[in-house]
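Below is a structure I'd like to ask you about.
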Amino acid sequence: MSEMSKIVRTIAAIVFPFIMIYGLYVIAHGHLTPGGGFQGGAIVASACALLLVAYGSMWTMRRIGEKRLSVFESIGAFFFIALALLGLFFGAVFFNNFLAGSSFLFGDIPMVGSNTGDMNTGGVLPLMNFAVGIKVVAGLFVIILVMAYASNHMEKKRGEKQG
Amino acid sequence: MSRRDMFAVVFFSIVCMFFIFSALLMHPFGSPDETDMDDMIIKNTQRETGANNGVTSVVFDYRGFDTLGEATILFTAVAGVVLLFRRMKET
Amino acid sequence: MTSIEYIIDHSPALIIAIPLLGAFLTPLVSRLGSRIRNVFVIIVAMLTAFLVFLLASDVFSDGIRTYIFGSQDLTTPVVRILFEVDGISIFMAIISVLLSLLAAIYSWSFMKKYDGLDKYYTLLLLMTAGMLGMELTGDMFNFFVFLEITSISSCALIAFWTHKGEAVEAGFKYIVVSAVGALFVLFAVALLYGQYNALNIATLANTIQYSFLDKIAFVLLITALGMKAGLVPMHMWLPDSYSQAPSSVTLILVGATQASLYGVFRMCFTLYGGVFADGILSSMTVGWFIVVLALVTILIGVTMAIIQTDFKRLIAYAAVAELGYMFLGIGVGLTAMGTSYGKTALDGGVFHILNDALDVGLLFLVAGSIYYATKERDLDRMGGLARNMRYTSMFFIIGLLAVAGMPPMNGFASKLLIYESTYQLSPILSIIAILSSILLLAVFVKVFHSVFMGPELPRFRDVQEVPRSMLLAMGIIALIIIVIGLIPGIVVENIVQPAANSLVNHLDYISHVISIGGV
Amino acid sequence: MLLEYAHIVIPIFIVATSIFAVLLRDLLGAAVAVAAMSLLLSLEFYILQAPDVAIAEAGVGACLTTAILIIAIKATKRMEEEI
Amino acid sequence: MFSIDTGSGFWNPILWVLVIIIAFLMMYILRSLGRKDYRKTTEQIKPFLSGNPELEKDKMHVRGSNLYWGFRESLKGFYNVLLKLHSGNTSDYILWFVVIMAIFFIIIGVI
Amino acid sequence: MIFNIPFIAVAALIIIGLYAVIFRKNLIKTVIGITIIESGVNLFLITLGYREGGVPPIYTNLPEDVSIPRGMVLPVPQALTLTSIVIGVAVLALMLSLVIHIYRVYGTLDVRRIRRLRE
């Protein structure tokens, strides 16, 4: 995809942080309100797709790079499975929610029934939300970036063949 | 219509018939028959996981292993796409 | 509790977690260098294999073992994901892990010249994890998730040589077939969930009523998994993808296909086992249907193999025929449920899974070696290769005899069990099966003659023997084939019969979950 | 009451858009129809009291799926061949 | 340990190995009874093709597709149908899936 | 019976998807068909979990008069659907990248011409 006009680029640059913040909010409040790692990740990834559309795949590839994103994705996945393995060490079972009720990080137990929501609850759930969020953003963005780059490349090749 | 299409239409309509049949035989919309497992999750989610959101607690706690599989699928797809387009980047 | 007991206790989780962890770390490790990455992958595969063997020794001596994810104890009804490892699961897991370890060893030299290897090894480990997950899990939705992991990673690996149009085409066909199959599996899972509000296999098997919707779910499950296992006439993706994938990938694809076969076993015998045992659905109906399809599978596989000229495609059709023998085993086992020869047929079918994986795998590796050495896959353009590739041709003879069921090899032992039990059901079936086996021998004699025999062609004068790592992988398989061929009694008694028994006694599977507090 | 009508109307619209997605010869139009279907599906998820899934479907189905489809169509061919 | 029981018989690979060893021994004995005036340096190593000269190596080799030509020729009708069914069309693959599903639906649903 | 319309819509979506896979000749249409089947299955899962007059299973700022657990929709199908959606996008991405490669090599998207592998 080639670069769009200046108006589009400016508007995309203005809108991008707002969508980003909304996505991060959805990720962070996953254990209290509708949302979570996947949903927030998808929102942030669509913000990145907006950037891709506005600035073109060449620019994005040069600026962000697919290698760096792959590393992010590996790190997110690694954190996720490491949290699960920590459950094995602290809670004696794989995938144990060892932080719930520990009065440590995110360790509070909320009042049973309706409440206003407390960030400091949920055990490992918020942490897992973040790990999955990083992973989903990086993963979906890499997919779109690589495919857009390749499609751009093919279009150029076809143009050369015809012209 | 070719012979292949006629052959296809016969069997396809049989399968369609069975699908529609099963849709009509489902429990009435909005009132599931059995809800033991989900009722237990709804009742215990706050006490056991400390999360207000029942869905998140299912996704990451009760069925966390599925989520690991799902994250793995995304990872796999990314690895696959990057693998398939590896020659494009060089040129 | 000693540390070894601790490891065995947690091994069902670790068997999945270690390949996954390895896969997530491979892109990072591969920055350190290709040699380190290869060693890392092989170590991960060996560690997984070690854990599987440890768990196998425990399961075969102490019976079913379960692992609950996320909590110490089980609640009633079961809400958490459960791994339930019984004889047949661990039997299949041994095969899968063996194949992926050998593929990792074989890839060392075979894939050396190509780029994109960090992703290749990542996908290899993911595929291992996917197969193992499919085989060990006790939860329907989890089964679907691992089915998808296996099919996505294998699709990307099939299309590894993207510069060849055929490889991409094969990958696309494979992903379409497996996506549709997996979606129908998910649909069946949802149907079952909607009625019984449970996802655990044991719970579902305990409460299943066999209403009309259950019938629909049964058909969807068996057909979709049968397609993924390559049952004729839904086998056509199989020669395409087997022949176009790199040989090391084909070796694991054999394992992935058999994991789907395991799915058919599990659904038929455990999930719907009570339905058959109570006689609500006559096992004769389904049994004869599967027997007929199995015979068609054998016949079409063999007859199509005779006329092929592409080396790997020919072996792929032979693999289709071999799949037919396994389906014949379980079909006869279902038809004659409760009789002694039905049990023997089931033994034979289960034993043949192991033998087929080894035999066909060895042949694919030989084909890969020949491709490596000569860059040639067309049988018409090859000849006289035995002069320069002694070890490879020796391994090919071993694989040939084993796959055709010649007596001292392992293939004969399992085929004999199938023949004899099928004969008691209906002699004509047995005769067809034996004739097809003879035709299979004829097919491979043709291959042997046109590839290895004949005068030395000038084109292949300076062909070299393949590198050591490939010889090592082939040698290990050949050794296992010979050992199993010489001591079939021990293998059948200690590994195969527990696996077949766990299929027949579906009540054990259910009662074990009840005994730890579920259902 | 309104919600009950919504349970009837929205599925019908979903099926209609999916028929469009299948039948349109212009692949770009089909991609847009898929996006519309995803959006309606997300609305249906929302009135079926599944806000979590609705957010995910809106983000993934309506945005990213369409983006990937359009990228693929750009790299290949816009119209279906007639033979 | 070595044998498996099949219900109506048994199979013991050791016996078979013994038979093979005996067969090899007999073969060796028969071979040693043959003529001993074979020399590699003489004309004896050349193939005898009814007096015709030997072609070059490439043309002497019997190719893969030439083997079992007769088999294929005699089953031509069968193979024509079979090759037509293996159309390589992705839609057909799914169509076969639907066909089997329909047949299975009828078998299970009606009976 | 009229309220089984969502279930009938599910069946219709699956049938339309299968129709696209079997009868349409374009590869991208095949991919769209698979997407439609997947949407149908997702809708089916969510519909299974719906309870008449229920609220989402989220306790934050819950109205006081909701009976627990009868007044909430089932959470498990929603979790399964989340997984299934992400699987769907992964499969779609992989399929479309293969389609791009096929077009690069074959120059066409017609299913009937993409069969070098046959017999």
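Order of writing sets the chain letters: A, B, C, D, E and F. Residues in each chain are counted from 1.
The rule is short, and it goes like this: a residue touches a chain if its C-beta (ideal position, glycine included) is under 8 Å from a C-beta of that chain, and two chains touch if they have at least 3 such contacts.
Everything quoted here is computed from the prediction, not taken from an experiment.
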| item | value |
| --- | --- |
| Taking each chain's C-alpha mean as its centre, the one farthest from subunit F | E |
| Pair joined by the larger number of C-beta contacts - C-E, A-D | C-E |
| Per Cα centroids, the chain farthest from subunit B | E |
| Mean-CA-position distance for subunit C and subunit B (Å) | 25 |
| Rounded Å distance, subunit A centre to subunit E centre (Cα mean) | 56 |
| Approximate Å spacing (C-alpha centroids) for the pair subunit A, subunit B | 21 |
| Between subunit B and subunit D, centroid-to-centroid distance (C-alpha), Å | 17 |
| Two or more partner chains touched - positions in subunit A | 32-34, 36, 38-39, 70, 77, 81, 84, 94-95, 97, 110, 113, 115, 117, 136, 140, 143, 147, 150-151, 154 |
| Residues of subunit D engaged with two or more neighbouring chains | 7, 50-52, 56, 60, 64, 68, 71-72, 75 |
| Two or more partner chains touched - positions in subunit B | 8, 12, 15, 18, 22, 26, 29, 32, 35, 37-38, 41, 46, 52-53, 55-57, 59, 61-70, 72-77, 80-82, 84-85 |
| Pairwise chain contacts under the document criterion | A-B, A-C, A-D, A-F, B-C, B-D, B-E, B-F, C-E, C-F, D-F, E-F |
| Residue ranges of subunit A in contact with subunit C within the complex | 70-71, 74, 77-78, 81, 84-85, 87-88, 92-97 |
| Residues of subunit D that touch subunit B when the two form their complex | 7, 50, 52 |
| For the subunit D and subunit F complex, residues of the former touching the latter | 4, 7-8, 11-12, 14-15, 18-19, 21-22, 27, 30-31, 34, 37-38, 41, 44-45, 48-53, 56-57, 60-61, 64-65, 68-69, 71-73, 75-77, 80-81, 83 |
| Subunit F to subunit B touching residues, read off their complex | 1, 3-8, 10-11, 14-15, 18-19, 22-23, 47-52, 56-60, 68-70, 72, 74-76, 78-80, 82-83, 86-87, 89-91, 93-94, 97-98, 101 |
| In the complex, subunit B residues that touch subunit D | 29, 53, 55-56 |
